[in-house]
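Presented below are the structures under discussion, each in the form of structure tokens.
The following pair of complexes shares a single chain, chain A, combined with chain B in the former and chain C in the latter.
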Partner chain A sequence: MADDKKPKKGGILQVFKDIVYGMSSHEMTRHAVRTRASMEHLFILITMGDLLGIPILPPYYSLRLLPYVVPQISSWKRRMLREKDITDALG
Partner chain B sequence: MSLKEVFESQPERRYIMFGGKGGLGKTTLSATCAFWLASHGKRVLLFSVDPQASLSDIFQRDIFGKGPVPIMENLWAEEVDADRRIREYQDEIRKKILDMYGFDRVPEEIDNYISAASAEPAMEESAIFDAVVDIIVQGDYDYYIYDMVPLGHALYYLSMAKVYDEWINKITKLRQEMGHYDQVAATMRRQETVEEDKILEELQYIKNRINASSQILTDKRRTAFFFVLVPEEMIILDTRKAAELFSRFDVPISGYVVNRVLPPELRQDNIPQYLKNRIAMQEKYLGEIQTTLGSQVLAYVPEMERDITGLPMIEKLAERLFQ
Partner chain C sequence: MNSLLAVIIGIITVYLAYTRYARRIDRNVIQSDPKRATPAVLYMDGVDFMPTNRNILFGYHFKSIAAAGPIVGAIVAGSLWGWFPALVWLVLGVSFMGWASDYSAIVISVRNEGNSLSAVAHRLVSPRTRTLLFFFIFFYLLLLSGAFVGIMAQVMDSQPRTHLGMIMLVAMGLLLGQMLYRWRLGLLPATLITVGIVLLAILTGSFTEGMFKGLNEFLNSLTGGAPIVTYFDPTLAGFKGAEAKIMPSLLFWAIAICIFCYAGSVLPIWRMAQPVVYVGFWITALAMILGLLGASLGTLIKPEVAQFQIPAFKGWNPQLGPAGIMPLWPMLFVTIACGAISGWHALFGSVGTARQIENEADMLPVGAGSMFAEFLLGLLALLAVSVGAKGGSPVATFANGLGSFISVWGLPIEYATSLAFAAFIVIVLVVTQLIFRVMRVTLTEWLGEIMPPLRNQHLASLISVALAILLVLTGTWIYLWQLFGGANQLMAALSLLLVTVWLVSQGKSWVFAGLPMIFMYLTTVASILITAYNLYFNVTIPNIRAGRILPVVGSGLMVLVAILLVMAALFIGVDGWRAFLKYRKRPSASPQAAPARG
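And then the complex of A and B:
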């Protein structure tokens, strides 16, 4: 940060570039993270569907994956069971 | 071709299954076949995953849930206890969760899910499926003889390999796509992705197991599937239908064995009308079997004078079956 504040030639252009880059990459990252989260929920739905009462093949193997998704289970159920997502309105 | 010639000409066929409706003698023929191979110096594992398995009955000793039990030289028999397998598996999953997250006890919601999973009918089937995969992928016996459950189940079982295969391919692909998004996000936040890789690893493991078993089951070089039938109208019709369904799932049908044929020489004796009628009926359907299946019939097995239990009786039948 201290370096950025030093006045130097083309500084304003550099800052502008950084802002543009930051904005676009931030947007991309946010998009990636959100898509990733949706896919995570989709993935858990496919493998652990019976937690919501939707049995989707084959329980013996889905139990094998269960330990890895334990932390995500509660947020996933909330997302699947609520009617509308507040981020739907924002997005 | 006789059953004996089939085995002698195809030594690389190591996975043998007898299928057919219930009560036609699948277990008897499986045991007889296992006995014959074992007495010719092959190491044979005869196994069943049926909760009402009858291997214990035919060998006249309790082998249920005891792993491979030696029956005679070169012959082992195994009856898988699916319920126990599920229970042990559930405990394994619980323990894994405790170890992974350092919990004192499994969260209630998760624990309920694990318990409820065993109540699903599909659980038992997929557990049985996995038990069979376990047995056949080991490959340390010369022959694996699978004493199958009656037709409908057998078909379900065989189709499962195909369905699971497709299912697992799809979710593995989804998981891989998720990995791409992870990489994008990881350039900003340096997140740990260890868990993700582990899920993919597990999926690959499951995939390999299912692929291995479905490859074995549909490989004509390594697997032989014999249909058992008896000379009766309904059985012939059902067998024909089943054979069509099986070929749709790429199950290699290697031939038919006609069981419970009343010895025609009985006719010369002074026998009651009832028996004469039955012999006449069988002759009619034997003719039908000959015209429709012809050379695909590998053996006609006579109705024996008593039920087949115990090794001496099995030996006697083996002599007839593999003459």
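And then the complex of A and C:
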């Protein structure tokens, strides 16, 4: 299992490409992902707020949306409930 | 001395420090375990916590920590004390302190569920320490922004050939954001178009030099050639001190830079901040790679550009102004910041990089490896300033030196120097706009609860910009830089303090972090007090006598910030010492057990 997650070996060229990607584009990618996650989490908060004890929408709509939201619930809860501070803005 | 020899010394330093010291600490003290699950794996959310390939993470971490610090610090130190002390500090600093600070900040976060340094301080030391750290960070960012805006305004004011390139950098950054996120153009063509145009504008900047010189003259004629602010600058006239003038053109460029940073702070990050950083990356990477290779091979291909021109040693205590002191210890150790050790690296590593570490075995190559790469960048800056003695101001000296290295590859020297100037400004500019963004967020988070208007992003940004401008108008940039360097290095010492306490709490040997912490703590507190002394006697007093209000207010603000920083550091030090004694008597039973990988 652990072996499956090892980065693919591609020799020195792959290493070079990874480093250049890391320097040039990884931060942009992270910001894009973060922006999408913020929108998605806001949406889940609006529709599924009762999972955190915030009753917002009638349960009927929540139930209709639930199957689409299920895969993200665990990471959503973690992000919403995790303690954050000023220094998180640096990362 | 020549640049090839210095590069060889640098490479040997990296090899020995990494293989003989850093690896040993990683193996014997930290005992990194590839089978232990990291926070990125345990708490993967696809956003902040995301296991990432070590090579990508190395590039990401290096690029995030490599700003103007290693470059400006080496330039200033080389011109104050000579190249030899600067080289010795770079080599010893990175070997025994720099890598340990970067690496251990990542380790402490990885072993504490991905928590930031402030969160670890709250849990391990005391809640007060966390609050003091927030306070400390804001003033640290303020000094950083003031120092960067000041040096950029000076360069832009005195080098009209750089203006076209910088204007095109901003324009192409905006265009790139539009291309990528609105027009959905591919990254490769968008990169080729925008980077190509900016590069062309930089290289042809000399053709528009006359036009921008005319603009500066026009601006200065608005006050009839009279300065906006006059102040006593002890760094002028060969460090004997003289009257300095802030002309309207300098203020214009300082405000232009701040408007750019304000826009970067309040616009969506994809619209401006990120694309500008991306385009700027390629420009600086090109200049730095060509420069480093040129410095290495220049001795063989073009020996005349590789010989050191500045003295090896200029003295233990260069006299700055009538009353200023600049002793090699502690001032050298804060003047060269990021190339040897830096608090910024620790701050960023604990929240940005640690949460993406896929495997504990990656902590060393990513954390320590990036610091060693940063050291090479600082070394390149020192080489450039050491060979480019005809430049005049330290930045011009650096640009001439780097331009000489680049010219080894056949590019005419005037174009190569333009590229070097542009690379310097780009590095500082892209970092400064991000600093203002973080300052705005910090101010809002810090004081937003008790002062609701500060939750408004425009107001928070404007306050940050206004404070930075005030520091710039104070003049005497070198003290501002050294105050920032002191705060930055003190941040590294505080990070090492937390690591030391954590190591003791885990029953591990704390020496590799504790000894650098003690040295940096004493050095930085002493340097901040000396800078406050210099500011008071060299800037505040002469300007009070001359009846000038603005420099007095600005230097008074800097003295106040210096005292506050020292007080915050003393409180944190006392709390840390108490925690150290507590854990030394009774360490936690065993290192927190993390689940093994699946």
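Assume the second predicted complex is superposed on the first by the 59 of 91 C-alpha atoms of A that agree within 3 Å, B and C clash if a C-alpha of one lies under 4 Å from a C-alpha of the other, contacts with A are read in each partner's own complex, and residues count from 1 in each chain.
The definition used in the following text is that a contact is a pair of C-beta atoms (placed from the backbone, for glycine too) under 8 Å apart; a residue touches a chain by one contact, two chains touch by 3 or more.
These figures come from a predicted structure and were not determined experimentally.
In the superposition on chain A, A:Ser25 makes contact with both chain B and chain C. Applying the stated contact rule after C-alpha superposition, one finds that A:Val15 touches chain C and leaves chain B untouched.
Within the superposed three-chain model, A:Pro59 lies in touch with chain B and out of touch with chain C [touch as defined at top]. Legend: residue contacts after superposition of the two complexes on their common chain; A:Val33 is shown touching both chain B and chain C. Of the two partner chains, chain B is the only one touched by A:Leu42; chain C is not. Touch criterion met: A:Tyr68 reaches chain B, while chain C stays clear of it.
On chain A, the surface patch touched by chain B in one complex and by chain C in the other comprises residues 25-26, 28, 32-33, 35. Of all residues in chain A, those touching chain C in their complex are 1-2, 5, 7, 14-15, 18-28, 30-35, 37, 75, 78-79, 83, 85-91.
On the chain A side of its complex with chain B, the touching residues are 25-26, 28-29, 32-33, 35-36, 39-40, 42-43, 46-48, 50-51, 55, 57-71, 73-74.
The part of chain B that touches chain A in the complex is made up of residues 86, 89-90, 93, 96-97, 100-101, 107, 109-110, 113-114, 116-117, 120, 122-123, 125-127, 129-130, 160, 163-164, 167-168, 171, 174-175, 177-178, 181-182, 184-185, 187-189, 195, 198-199, 202-203, 206. Interface residues of chain C facing chain A in the complex, by the touch rule stated above, are 35, 43-48, 50-64, 116-119, 130, 133-134, 137, 187, 269-270, 274, 277-278, 281-282, 285, 347-348, 350-353, 355, 358, 438, 441-442, 445-446, 597-598.
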